[in-house]
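For reference, the structures are reproduced in the following blocks.
Both complexes below contain chain A, partnered by chain B and then by chain C.
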Partner chain A sequence: MAERCAVIGVGQTHHKAKREDVSIAGLVREAAAMAVADAELGWPDIDAVVIGKAPDMFEGNMMPELYLAPALGAVGKPMIRVHTAGSVGGSTAIVAAHLVASGIHKRVLTVAYEKQSDSDAMWALSVPQPFAAPLLAGAGGYFAPHIRAYMRRSGAPDHIGRMVAVKDRQNALRNPFAHLHLPDISMEMVEESMMLWDPLRYLEACPSSDGAAAMVLAAEDAVSGRFPPAWVHGLAMRSEPTMFAGRDQVNPRAGRDCSADVYSQAGITDPRSQLDVAEVYVPFSWYEPMWLENLGFCELGEGWKLTEAGATAFEGDIPWNTSGGVLSSNPIGASGMLRFLEVAMQVRGQAGEHQVDGARLALGQAYGGGSQFFSMWVVGADRP
Partner chain B sequence: MADEPGGPSTVTEDRGPVTTLATPIRLDFNFTPGVAQSRFLMGLADGKFMGQRCSVCSKVYVPSRGSCPTDGVPTIEDVELANVGTITTYCVVNVPFAGQSIEIPYICAQVLLDGANLSFMGLIQEVPTDQIRMGMRVEAVWVDREELSPSLASVRYFRPNGEADADYETFKEYL
Partner chain C sequence: MSSPENPPSGSAPRRRPVRPVSIASFAQARNVRQDDHHNEVEMLMPVIAEAFGSISITKDDVDFICSGSTDYLIGGPFSFVMALDAVGVWPPRAESHVEMDAAWALYEAWVLLQEGAADAALVYGFGRSSLGDLNEILALQLDPYYLAPLWPDPVSLAALQARALIDAGRATEADFAAIAARSRKDALSNPNAQVAKDVVASTLMEEAYVVSPLRRHALPPITDGAAAIVLAAGEKAHQWSDDPVWITGFDHRIETHSLGARDLTVSPSTSTAAARAGLFEAPVDVAEIHAPYAHQELIVKEALALGDSVVINPSGGALAANPIMSAGLIRVGEAAARIASGEAHRAVAHATSGPCLQQNLVCVMEGA
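Presenting the complex of A and B:
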C-alpha cells in the first residue's frame, strides 16, 4: 500500500427489527454522525463518502445514494456506491481505504446500511424466476444443503451449530448495539426452536434488522480521534461464479484466495496464533466451522473441533464474533461493515463489555451472494 | 367541502402523523432466454433434459448458459441427459412464504442428472421427509404429454426410482 490508512472513527445504530423512529436517511445519518464525532471531526473535514448496501430492490429505492447525499454531508463531494451483495459492507470499507491508501483523499467517510422493515428482504431473495419452480425459501433454503454437505464431509456432530448459536447470542449480551438480546439463550432453547430448513433451526439463523454502520478512514498525517487509530494491515476482495462444474460451495476458492492475499499483506502465516480476535460473517450457525476451515484457522474437517473445544468463545484462544455477529444483528448491507468495524473497535480498545483484553491484531471478513463474494481486512494497533 | 356528504372523509379524531405507508410494487417484464436457455427450455417442451458439453474440459452443463464458466469458450455440443439422477444434498423446507405453491414441509434437493457435471435444485416428492438421503437415486416425473411446455413446470417433481443409493465417492466432488 502506498499510503498508510487507519480507522479513526466508528459509529453504528442500535440495530432493531423496526427502526420506525427514523427514515433511511435518518438511519445512515445516525451512524455517520457518531463516526465523525468519534474521529473528533466535523462534516466539512470529510473529503469523500463511500456507501454500500445490498440490492436496491430490498427497499425499492433505486440508487438510494443520490437521495442520501445530503444526510451524509456529501453534497459537492465525491460519493461512490459499492455493491457486492451481502459482502458489500466489507467491500465498501475496502474501496474507502483504497481512496486513502492511493493518496487521493485524506479523510473518507464510509457507510453501509439496510432497513429491512421497509421491505421484505428475505423473500425478495425468493422471487419466482422465469420458467423455474419457486423452491427457494429465503437464504436459508439456499445455504442449508451446503451445511448438510459440510456435516457429511467433516463428520461434525449435530450440536456444533447449536453451540455457535448460543455463543454468539451470549456475546451479543455484551454489546448494547446488538439487535437480539436473549439472556436465557441455551442449547435447549435452540433445539426447541422451530426447524425452518432442516438441518437449520430458527435460532440458528440470523434475524432481519434495521441498522447502519459507519467509519472514518484517514491517512497517516490526518489521524485524529478519541481512541488510537486502527491501522489497516491488509485488505482483499475475491469473487467466483455462482455455478461451475467442480465448484466447492462448502470451502469456496474465492474465500481461500482472499484470505491468502490478506494474510500475505499482513504478514500472517498462522492466523489462529497470530490474530487476537476475528469477526466473521456467520449468518447461519454452521458457517463458523465452515469459515474456520476456509480461513485457514485449522486443517480441513477440523473447524467444528475448534468450536466444540471453545477456542472461538469469548474466553477462547481466538474469539470469533465478540459483537454477537450476524446471528445477533443483520442489517444486510451493513452486516459486512459491522464485522470490519468490530475488529477496528477491538484494536482501538473501545469495545467496552465485549473488549478482548490486549487485542492488537484482528481479522474482519464478509461474504455474500451464493458464497461467491468475499472481502476481508486485517487491522492492528501497531503501525504497519 | 370536507363536511359535505360524499366529499373527502371527515377526520374527527387525531390519530397522529402518518409515518409509514405500504406501497406494493409490481414489475411486469418480457424475459428473453437467449439461444442456450431456449435450447434447454425447448427440450423441456419435448420432455427431455438438454445440456451442453464444453469442448475444452468436457464438463456437461444443464441448463447450459451457452459458454463454459471455467474455460470461457462457447459450448456447441448438445447433450441429451438421462431422466434419472442422484441427490447430492438437500434440505427440508418448513417455512411458509408468499407465492409458495408447494405444501410444507417439502424436500428441496440438489439433483445431479446422470451424465451431467453440475447439479440443479429440484423438488422431491413421493418420499417421507425423514427418509430422504444424500445419494438417493431419483427420476423426473413429467406432466402429461399435452401439458408439456418450455418451462421447468414440465417437471412436476423427482421421486425415488428404487435403485440402490449412489456411493458417496461417486458424488462427493459435486457437494
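Presenting the complex of A and C:
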C-alpha cells in the first residue's frame, strides 16, 4: 500500500547563461542546500539522493553523480542517477517520490542540473550516429516541422507563438531566479528577432542556462518545513517509440496517456476548471497551444484560442508557466524538475511575486527526446 | 557460511521488504570481445525475447520497464532512446532509465513493485565496450576539475587499490592469480562467458604486469553484452514459477568520490547495504560478486563477511565477462539461477560502480 508523499522543501539556483562563480558541485549544492534549509532539516536527515540530468556529453562528465556524491551529502546513503532525456527533471522527482511512497525512505533529496556553459548542447546533440538521422540543427530544427504541422492542422494564426513568447517572459519578470529578464519584451520585439527555424524566431526559443533545482520529499510522518507541504496527488511516466509510421508527433499518445493516468490518480476530470495553475515544458513557444490540447485543457484544434484569449496568462483562468517557464530558464536536465518545483511552490504559497492567489491544485509536466518521453505530477495543498 | 553474529562495521538496521518480489526470469547475450554484427537493439531483442519467452509472457504482461546504460560507450547522447525499440513500447508504456549499471534499474523497478505501483517489470542493461577506448572513457567518470584532466585510467586506479591491499598485508599477487584461475575454470561451464580456460595460478603468474601489481589475468576482459530480468510481485510471481526466487533484501550505498579520502582496502558501503538487506541474518550458499579486478573480490568478500564455504562467482564473474552496464545485473541473474536450479537456497548478488568500488549494491535472494 502506497504511503502519502509530499514536497517539504524546494531550492533552485539563479539561472544564468554562465555560472562561472561555481563548479558543477557548487551549482548542485546551492540548490540542494536551499531545499534542505526550506524543509528545516540538516543533511543527516536525508535518507537518499536521486539526481538527474540530460546527456552526460552536455558537460563531458561520464556518470557525474559519482563525483557529486559528497557535494550532495550522499556519502553512506543510496544514490540513484536518472536519465530520461528532456523529461529527466520530472522523472527524477518521480523516482524520488516512489522511494517515499514505497515506505523505503522517509526523506529523499532530489536534484537536477545542467551546466550548459561547460559544453555545447548543440554539438552534443549533433554527434553522428550510425543509421540515425543527424540532428545537426539542434532541438529547434527537430521540432519546427511539428509546429508547422500543428499550425496547418489547427489553422492557428502566426501571432500565437509570439504571444506565448511575450507572456512567459512577462511572467519571468516576477521570478528572481529566472535566467531571462526582458522588461521591454513585446510582440514587435519577438517579431524583429532573428528567424532560427521557420516559424521559430530567436525569442520564441528557450535560452541555454546553467542551473540546478532541488526538492526534499517526505512521508506523512516526516513532514516539516517553512511552508505547508505540497502533497503528491498523482504521478506518471510514459514513453513511446521514437519513430514509426503513424506516430503523431504533434499530439503524442504517450502524453495523452500520461495525463489520463495522472488525472485519474488525482480525481481530475476537467483539468482546466479543477487545476489552478500548470507548469508545462514549453521550450519553443508553439508548444503551449500544442500541449494545451495534448493535456486535455481543451478540444483538439482549440489550444491556440485559449492562448489568444489570455486564459493561460498570469491573470487568466488557468495560468500556465507562472515561473517564466522553459522559455525563460533552461538548464536542460533541471528544466523538467523546475516545472514540478514551481507547482509545489504554488500550492505551498511560497511563490512570492509569481504566486497565483489561492492555488491549491496544480499540474507539472515535462517532456523529452522527440516528444516521446513524458513525466507529470499533480500536487495539492490538501492531503489526498 | 557468512557469520551473522559478527557483522562487519558499518552495519545498519535491517529493512524488510513489504511485498514479496521474485526474479521471474533472466537472460543474457553471449558475452564477446567485439560484436560487429549487431547494434544495441539487435543485441537486446533476442535477450528480451528469451526473458519473456522462458516464462511464456509478452511485454503486455509487465507494467513497468527500466533500463541501465551509458551514452559514453556509444559516443552519442541518448543511447537508451533507440534501445527502447528492442521492447517496442506501443501503446506507450511506463518506462524509466538510469545512467547506471542495470542492477540499479532493477532496484528502481523493485521499488515500484514494493509500492504496488506495478506488479511486474522488465529490466535490461546493455553496452558495447568495444566501440571506444575504455581507458579514456572511464577516466571521464572522475572529478572533472582536479582528476579527469590528468586522464588516470581505470586500470591504474585499480592497481593503486591492489597495492594498498598488498601493503596492508591482506593479499598477495598469488591470491589474485588464484582468483583468476578459479574464475576461468568456473567459466568453462558458463556458455555465455568470454574468458574460460582450465589454467593453474602459477601459469597465470608468468604473465607480465599491465600495471603493477596487476597482471593481465587480474583485469576484466573488454566485453560487449546485454542482459534482462523480469521481476514479478504477488500472484504473478506464483503464476510464472512453481518455485519463485524471492528478493528478501535489496539496498545500495555510495562512498565519497575522492580516492585520497577513502581507505581503498575496505568497502563500508557494501557492508552497510548488506546489513540493510539482511544478509547477515543467515548464511548464504552462493555469492555472485561484481569484482572487475581480481583483488576487489577479496575486499567485497570481506565486506559481505562471506566464509570460505560460500561458493563465489560460479559463473566466472566479471573476470570471465564484464559487459559494462549489465555486468552487475548479470550477477543478480546468475545468483537467482543457482537458487532456481536448486544448487543454492540463499544467495547474495553484488554490483559495483565508479572507480575502486565507490558505489555498491547488494541483493539477497532465497528459494521457496
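Worth a mention:
To be clear about the criterion, the second predicted complex is superposed on the first by the 375 of 384 C-alpha atoms of A that agree within 3 Å, B and C clash if a C-alpha of one lies under 4 Å from a C-alpha of the other, contacts with A are read in each partner's own complex, and residues count from 1 in each chain.
As a working rule, contacts are C-beta pairs under 8 Å (C-beta built on N, C-alpha and C of every residue); 3 or more make two chains touch, one makes a residue touch a chain.
Source: prediction; values computed, not measured.
Three-chain overlay on chain A, with chain B and chain C fitting side by side and no clash.
In the superposed model, A:A254 makes contact with chain C only, not with chain B. In the superposition on chain A, A:I268 makes contact with neither chain B nor chain C. Contacts of A:H98 after superposition on the shared chain: chain C is touched, whereas chain B is not.
Once the two complexes are laid over each other on the shared chain, residue contacts for A:P55 go to chain C alone; chain B is not touched. Within the superposed three-chain model, A:G369 lies in touch with chain C and out of touch with chain B [touch as defined at top].
In the superposition on chain A, no contact is made by A:A31 with either chain B or chain C. Once chain A of one complex is fitted onto chain A of the other, the partner contacts of A:G76 are limited to chain C, with no touch recorded for chain B. Chain A is touched at more residues by one of its partners, and among chain B and chain C that partner is C.
Looking at the shared chain after the overlay, A:L66 reaches chain C, while chain B stays out of its contact range. When the two structures are aligned on the shared chain, A:A139 is found in touch with neither chain B nor chain C.
After superposing the two complexes on their shared chain, the closest approach between C-alpha atoms of chain B and chain C is 5 Å.
Shared contact residues of chain A with chain B and chain C: 60, 128, 130-132, 241, 244. Against chain A, the residues of chain C that register as touching in their complex are 15, 18, 39, 65, 70-72, 74-78, 80-82, 84-85, 88-100, 104, 107-108, 111-112, 114-117, 137-138, 140-145, 148, 251-258, 268-269, 272, 353-355, 358-359. The residues of chain A lying in touch with chain B in their complex are 20, 60, 120, 123, 126, 128, 130-138, 140-141, 144-146, 148-149, 152-153, 194-200, 241, 243-246, 248-250.
Considering their complex, residues 1-2, 23-24, 54-70, 74-85, 91, 94-95, 98-99, 101-104, 118, 124-125, 127-132, 236-242, 244, 252-254, 257-258, 369, 372-373 of chain A touch chain C. Chain contact summary for the complex, chain B toward chain A: residues 19-20, 23, 25, 31, 33, 41, 57, 59-61, 68-70, 88-95, 97-102, 105, 108-110, 117-118, 121-123, 129, 134, 150-153, 155, 168, 172-173, 175.
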